[in-house]
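These are the structures, in structure tokens.
The following pair of complexes shares a single chain, chain A, combined with chain B in the former and chain C in the latter.
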Partner chain A sequence: MKFGILVNEGPYQHQASDSAYQFAQAALTAGHEVYRVFFYHDGVNNGTRLTVPPQDDRNVVDRWSELAEKHSLDLVLCVAAAQRRGLLDADEAQRHGKDADNIAPGFRISGLGQLIEAAIQSDRLVTFGD
Partner chain B sequence: MSEEGIIKKLMYVNRKAPYGTIYALESLEVVLIGAAFDQQVSLAFVDDGVYQLTRSQNTDGIGMKNFSPTYAALGDYDVRHIYVERESLEARGLTVEDLMPLTYEDEDDDWAEKESLRIVDSSELATLMGEQDVVLSF
Partner chain C sequence: MSLLHTVNKSPFERNSLESCLRLAEDGHAVLLIEDAAVAALDGTAHTETIKNATGRLSMYVLGPDLDARGLSRDRVIDGIEIVDYDRFVMLACEHDSVQSWL
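On to the complex of A and B.
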């Protein structure tokens, strides 16, 4: 089956991202396809490469990056939600005159159309959040 | 902009108050962008989400943008089915009179202005949800 995944909450504050990660991993292990993981609302905070969690805790952001590399996952942060919350890739940082970008490897920034397209193209869209 | 002719039934479920958290505002942004995809779209308002549609919202005191006029424009985005759960209204002491009028123009009926908003009870809403291909819950 082809899954689209929507993550609506940030890392550590909320379990949504952990559950989404575990779901994605289980689906891929079972031979399913993950069409796209879309991060919205505070979920975009899953894509910052500047998180420094305690060493004895899971690294939510790195975990997504590693899963993306292993399975060529498409991890997309909503551009409007990301900009509000200070998540910028190099192009966006330059466009808005900011002195840094902070997107983790494997993530890309794009529009909400990517969420709707994932909903249309996937057999199931599974939402993780409140 | 249709996706290779795939047309799905897509329902946006709005459960949160309009202010206090950003869910309502960002949900509306998805609806507006999603309108470009020519899908069969409906909106449902339940729980505190029914407050999103109340008339005469005034945000002067909280320093936030009052985005409620956007709901009245949904008809222009071809959103014709807006369901409000009766039980959620009643639990909050609200009636349909407290809600904004929401309409669309029907091009198949000489552009007659028609009601988009319908009050449904929870069992009917459950049936409607069951008919959807995609439910986006905010």
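On to the complex of A and C.
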């Protein structure tokens, strides 16, 4: 079965990202496909590679990147939500004249249409948020 | 059409569980996750409402979220099944759609 996952909250602030990660991992382990994980609103903060949590804490961002690499996941940050919160990839940084980008490996920035498409293409869309 | 409803708010804080139980149709499933795990406990002000719902809805609670909050699995209301993430995924598959009550 194909799952789409929507994450609306940032890491370390709300359990949504942790719940979504556990769900995605369980779905993949069971042999299901995760068509896309879409990060919206504060959820885009899951995609900054500059996160440095304490060593004895889980690294929410790295964990997503590693899962993406292992299973070729499509992790998408909403572009409007990302720009408001200072999440940029190389192209966006250049386009806005910023001196750096900070998107984590495995993530990409795209539009809200990607959420709609994920909802259409997936058998189930599961939302995690506040 | 059978829905899996997920609720993630404590009923002591917000009324999303109450709304969910009011609008969920007979035979639907309700999974209590995150802070809603507290609603699965016996002997609270909300126990009666939940117990009434178990008659017409399939009620589940996410075990890891009980554990994370130090809520004893022994105190869970009879009629609510404790599940793990694997079973959460299975429930999502078994129902036609997943409705998250945020």
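FYI, the second predicted complex is superposed on the first by the 130 of 130 C-alpha atoms of A that agree within 3 Å, B and C clash if a C-alpha of one lies under 4 Å from a C-alpha of the other, contacts with A are read in each partner's own complex, and residues count from 1 in each chain.
Convention: contacts are C-beta pairs under 8 Å (C-beta built on N, C-alpha and C of every residue); 3 or more make two chains touch, one makes a residue touch a chain.
Treat the numbers as computed from the prediction; the structure is a model and nothing was measured.
After overlaying the two complexes on the shared chain, residue contacts for A:80 are found with chain B alone; chain C is out of touch.
In the superposition on chain A, A:125 contacts both chain B and chain C. In the overlay built on the shared chain, the residue A:67 is in contact with neither chain B nor chain C.
Once chain A of one complex is fitted onto chain A of the other, the partner contacts of A:115 are limited to chain B, with no touch recorded for chain C.
By the touch criterion stated above, A:1 is placed in contact with chain C alone, chain B being left untouched.
Look at A:25: by the touch rule set out above, it reaches chain C but stays clear of chain B. Looking at the shared chain after the overlay, A:37 reaches neither chain B nor chain C. Residue contacts after overlaying the shared chain place A:88 against neither chain B nor chain C. Across the two superposed structures, the residue set of chain A contacted by chain B and also by chain C is 8, 125, 127, 129-130. By the touch rule above, chain B contacts chain A in their complex via residues 3, 6, 8, 10, 22-23, 26, 29-30, 33-34, 36-37, 39, 134, 136-138.
Chain C contributes residues 6, 8, 33-35, 64-65, 84-86, 88-90, 92-93, 97-98, 100, 102 to its touches with chain A in the complex. Interface residues of chain A, counted against chain C in their complex, comprise 1, 3, 8, 15-16, 19, 22-23, 25-27, 29-30, 32, 123-130.
Of all the residues in chain A, the ones that touch chain B in their complex are 6, 8, 40-41, 80-81, 111-113, 115-117, 119-121, 125, 127, 129-130.
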